[in-house]
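One structure follows; several queries about it will come next.
Letters A, B, C and D mark the chains in the order given here, with residues in each chain numbered from 1 onward.
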Amino acid sequence: MPDLQNVIELIYHDIIKHKNYGEVASYIPELAAVDSEKLGVCLTTVDGQVFHVGDWQDRFSIQSIVKVLLLSLAYNKLGGQLWQRVGVEPSGTAFNSLGTLENDEGIPRNPFSNAGAIVISDILIDLYEDPRQAMIDMIRSVSGDPSIYFDTKVAASEKAEGFRNVALANFIKSLGNINNGVDDVLNLYFDCCSIAVNCEQLAKVFLFFANNGQTPDMNNVLLNPSQTKRMNAIMLTCGFYDEAGDFAYKVGLPGKSGVGGGIVAVLPKHFSIAVWSPRLNEKGNSYRGLKFLEKFTTETKLSIF
Amino acid sequence: MPDLQNVIELIYHDIIKHKNYGEVASYIPELAAVDSEKLGVCLTTVDGQVFHVGDWQDRFSIQSIVKVLLLSLAYNKLGGQLWQRVGVEPSGTAFNSLGTLENDEGIPRNPFSNAGAIVISDILIDLYEDPRQAMIDMIRSVSGDPSIYFDTKVAASEKAEGFRNVALANFIKSLGNINNGVDDVLNLYFDCCSIAVNCEQLAKVFLFFANNGQTPDMNNVLLNPSQTKRMNAIMLTCGFYDEAGDFAYKVGLPGKSGVGGGIVAVLPKHFSIAVWSPRLNEKGNSYRGLKFLEKFTTETKLSIF
Amino acid sequence: MPDLQNVIELIYHDIIKHKNYGEVASYIPELAAVDSEKLGVCLTTVDGQVFHVGDWQDRFSIQSIVKVLLLSLAYNKLGGQLWQRVGVEPSGTAFNSLGTLENDEGIPRNPFSNAGAIVISDILIDLYEDPRQAMIDMIRSVSGDPSIYFDTKVAASEKAEGFRNVALANFIKSLGNINNGVDDVLNLYFDCCSIAVNCEQLAKVFLFFANNGQTPDMNNVLLNPSQTKRMNAIMLTCGFYDEAGDFAYKVGLPGKSGVGGGIVAVLPKHFSIAVWSPRLNEKGNSYRGLKFLEKFTTETKLSIF
Amino acid sequence: MPDLQNVIELIYHDIIKHKNYGEVASYIPELAAVDSEKLGVCLTTVDGQVFHVGDWQDRFSIQSIVKVLLLSLAYNKLGGQLWQRVGVEPSGTAFNSLGTLENDEGIPRNPFSNAGAIVISDILIDLYEDPRQAMIDMIRSVSGDPSIYFDTKVAASEKAEGFRNVALANFIKSLGNINNGVDDVLNLYFDCCSIAVNCEQLAKVFLFFANNGQTPDMNNVLLNPSQTKRMNAIMLTCGFYDEAGDFAYKVGLPGKSGVGGGIVAVLPKHFSIAVWSPRLNEKGNSYRGLKFLEKFTTETKLSIF
C-alpha cells in the first residue's frame, strides 16, 4: 500500500485550492446553516490504522448514509426474507421518486431509495422492541464511541417539512407494503437520519463492511461474510441514486452518500473511508466528496475493479 | 486459490442434475434451434491457466456480450469524449426499452442497452474505415483464434425481424444522436451480435479486462489500466439490464450476458470466466449460467466484494 | 322530444333483466354494504319536467361527482385565475395516479382527478370562511332540498383509510401547490365526497349546467353562460378518468361519475340526468349506469354530437 | 343564427391587427417555406351557405387533419371491430409520443396520434385495393372538387426525414399491431398527409360530419348517423393532442388540427369551419387558428356545450 496519510493530505490540499461548486442542502434550516467550505476525511484500515485530514472532527448529519445501517439491522435478523419487501436493483431515478412504486406494487426498487428505507424502517419496528435505541446502540458499539447522538432539532425539522416522505410512506401504505402506523415509521426514519457523526466515527462505523461483517476487535459481529459481500454489492449498484453508475465508474468502491455532505466508501478486506463536504452537486451528492474519492482511487489504484 | 478445475466440475454436475428452467430465445429460428440443455464453462487466468467443463467447445451466438467489445473499440479511440453520446447509469428498465430516451434527448442511459450499443455502432462507423473488420480482427487477435466468424444466417434473420431495433435506431436518429444511415448502423450492430464463439474463445477474449487492458502475452494492448477499471465498473452496474443489481448481489463480478445464453464475467487481476446455457430467465439472462456463477463465487469467495 | 318517461322505463326494464357485472367499491365498509343490484334514474328538464324510474329515491354517496361542484364554487369566485393551479387536460391515467404530477410541478392535469380536487379544496379554504358549509348550502339551495346531508360515517372511514389521498396531498404540498394544512384540505375533501343524495336530488343539483349556470327558477346564479359552457367541456373531456373518451364516444354527453355508483350527465339547454347503480367496471365507473346512458342517447339521439 | 359573414370578417380583422406568435413547422423545407402571416377562413353550412374571409383560397398541407378521413374510411368498412386495433382515449401526451404504446401492447390510445393513424393506414391496406386512390377519390367526391391533389414533394420530404414515424411504425410492428410492410404503411400515411387543400375545400370535405354522415346533396353517404356522432366525439376528446381539453374548453367544437397550420371544426347539424394560419403554438396547433375559433364560438355562442 502507498503512504496513505501523505496521499490524502496531497489530495486535500489540491482540492481546497480549487473552486468549490454546488449548493448546501437547504430544505431544513439545520442543514442550510453549515459552513459550506468544510472538507474532512478519515480512513480506517482493518489492521487498525487511522488517517485523517481537514475537518475530520466536525459533526455533520448522517442522513441517507444511515440507510445502509438500517438495512444491516434488518438483514442481520431477517436474512434473505427481506427481499420480499424491497428489491436490489438500481432505479435509474432520483432518491425521492414515486415513479416506479406504482408499477411495482409498493415494492421499492432498492433499500437505499427513500421509499426503500421507509419500508426497512417499518420492518425494524416489527423486528426490534426499540429500533431507535437498537440503532444508536449499534453505532456506538461498532464505532467504540458512546458520544454519538440523535440531533433532535434536525429530526424535528424533517418531521415538520418532510411532505415528500409523508407522501411516499402513505403511498406505500396504500399499496400494502407498510404494516405499522405511518407516523411511527417516519419518526424512526427521521430520527435515524438525524444522527450526528464526524468523519472518524463514520469511517469506524463502516469498517465492518470491509472486515467480513465484524469489527476488527471481533467484539461486534453484525453480518456473516456472505451477507457482507451482498451489502457491499448493493452499495455499489444503488448507493448514489441516479449517479450510482458514475460513482462506480469514477471511484470504483461500494459506498453511500447523504445530503448532509457525507460519503462513506469501503474497499473490502482493506479499509473504510469517510469524506465530508457540504456542497452537493445536482444529483444530491457531495461535490468535493466525490472529487476526493475519485482522485484517491485513481492515484492509489485502490478500487474493486 | 482453490482447485478451480475441481470446483467447476462439482458445480457443473450439481447443476445438470437439477431441473432446468426458462425459455430459449425464439425470436429468430437460428437461436430457437439450439439444444436447450447444453451447459459449457471455461475459466482462463491471467497467469495462463485454462479450466473447462461440459459443452465448452460448442459455438453459440455472442449476441449482447459483443456490446462490451463494441464499447472497448470506441473507448480505446475516443476516450472520455464518448460519454457525450451515451451515459454510464443503470437504466432500471428492460434491454430494449425506449422509455427513457425521450426524456434524455436521445442519449441512452448506458452503452449496454440496445439503444446504447446502436449509438456506439454509429460512433464506430465514424472512427473506423471498416468497423466490422476491426471487430473481428480484434476478437481473433485477442483470443489467438482466427477461426471465429460472423454467422451470416443469424445476422440475416436479425435484420429481417429486428423491428424493435429499427424502431430504436430511427427514434435515436430523430433525436439527433445518430450520424450515419440507420441501415448502416444496424447492419454493423447485427453483424457483430451474430459472431459465433465457444466458451473458451469467449473467456480468452475477455481476459484483457482482468489484466489491465492487455492480453497476458502483452501482444494486444486494448485499453489502459484506468480505462479497464472503468469498463469493469460499467459491466458491473449495467451488464445485466434490470437484473444488474441482482447479479452484483448474488455473483459479485463485472460481467455481461447475451440472449444466446452466454455470460462472461471477470475478476480483475485474476481471471475471466465464460458460461453458456441457452435457457433464459424472464429477464433474458441464462438461467443455468447465473446459477453456475452464483455457486462459483459463493463457494470460492472469489468476488470483488 | 320523444316520450322520455316511456324511454327510461323501457331501458330500465331491459337492463335489469340482463346480467349485472362489476364490483361494488369496497375500500370502506360503508360503500361495500350497499345493495349491488339497485338501479335508479331521474331526468329533470330545464322547463320543469321530472322523469324517474327504479330506485331513484335511494340515497347513495356522491363521491367524485362532488368534484364538479367543488370546481364550480371555486370557479365562480376565482374565474380563469383558477387555471394557474390546475389544468384542463385529460390525463390518460387512473383517477388516483401520482404519475404526471412530478413532471408538471404539482399542477394536476385536471380538476376531476383526485389530485385536482384536492388542490381545489385547498383553494376553497382560501376563498370561503366555511367552505364545508358553503358546499352544503349550495347543494341544498340549488336542489331546493334542505334534507341533503354529510354522511359522517362515510367521511370518517375515508379519513381513516385514505392513504393514497394523504399521499397525493402531501406530494402536492411538497411541490408547492397546497397552501393550507394537509389535514384541513383532506377533511374538506372527504366531507364533500360523503354527501348523500338520491337520483332526483342529484339531477336537480346539476340542472344549472344545462341552463346557462342558473337554476330554472332564476333563484340561483352559480356561473355565467361562458363559465357554464366551459364546465361542460371539462366534464366531457375529463369526467370519467381514463374512460372519458369512451364515455364521449358511447354516450356523448358531459358528465361525471363517482365510486358510489352514481353518474350524472347534462344536455346543454335541455336536461340533466342522474343514474345510480353500485357495481363498478374496472375503470371505476358504474356498469349499469354507463349501459343506461349509452342506450338512452342512442335511442333518443339526444347527445351533443 | 347571427350574420356569420359579418362575424368572421370582424374577427379576422381583429386578429390580423394583433401580433402573431409561434413558429411555422420547419422539419421539412416545403412546410418551412410558407408565408407565416397568412390567415384564411371558410365556413360552410348544411343548408348550403358558404362564408369566407382572408386567404381562404390558398392551398396548404392537410397533414394530421387527414387522420380523421383515414379513420372514416376504415370505420365505414370495419365498424366497431376497428377498436380492437386502436383506442378512443385521449393520451395526455404529445402527438408523436412512443410512451404509452409499450404498456398497451401496441394498441395506440387513439386514432389521431401518429401511432394511431399509422395503424389505421395499415388497416386500410387490408381493406382497400388501392387505399391511396380511395382517399383522394373520397375527398374529391365529398368536396365536389376534382382539383385536390397529393403534393408529391411534401410526401417525398416526409419520407426522407420521418425518422420518428419510422420508429413508431417499427415499434408497433414489433408489438404485433401492423400486418403489412412498414414502408407500404408509411408511404400511404405520408401521401395522405401531403394532400393540398384550401380552406373552402377543407370545410366542404368535413361538412358530412355536421350532416349525419352524408353530404348535403345526398350523393355521398360516408357514415351512418351513429358513426358520425362517434367520430365527432373522438374529434372532441382527441383532436388536439395534449391540447384537446383546452380546445374543448375554449372553443367547444369537435375538430382536428395539422402542422400545416390548418384547423377544421364542426357544429353537428349546422356547419363546418376551416381556418388556416401557419404559425404553431408549442403544442403544434395553429396560434391564430385557435384564436379565431375561440373568438368565433364565444361571440356566436355556437358550440356544443
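Keep in mind that, in the parts below, a contact is a pair of C-beta atoms (placed from the backbone, for glycine too) under 8 Å apart; a residue touches a chain by one contact, two chains touch by 3 or more.
Computed from a predicted model, the values in this text were never measured in an experiment.
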Distance in touch steps, counted as few as possible, from chain B out to chain C: 2
Taking each chain's C-alpha mean as its centre, the one farthest from chain C: B
Chain pair, A-C or A-B, that carries the greater number of C-beta contacts: A-B
Turning angle required so that chain C lies on chain D, C-alpha fit (0 to 180°, nearest 5): 180
Distance between the centres, which are taken as Cα means, of chain B and chain A, whole angstrom: 32
Separation of mean Cα positions, chain C and chain A [Å, integer]: 47
Two or more partner chains touched - positions in chain A: none
All chain pairs that touch each other: A-B, A-C, B-D, C-D
Chain B residues touching chain A - in the complex, by the definition given at the top: 87-93, 100, 109-110, 225-226, 228-230, 232-234, 236-238, 242-246, 248-250, 252, 254, 268, 298, 301, 303-305
Chain B residues within the chain D interface of the complex: 97-99, 102, 163-164, 166-171, 173-174, 182
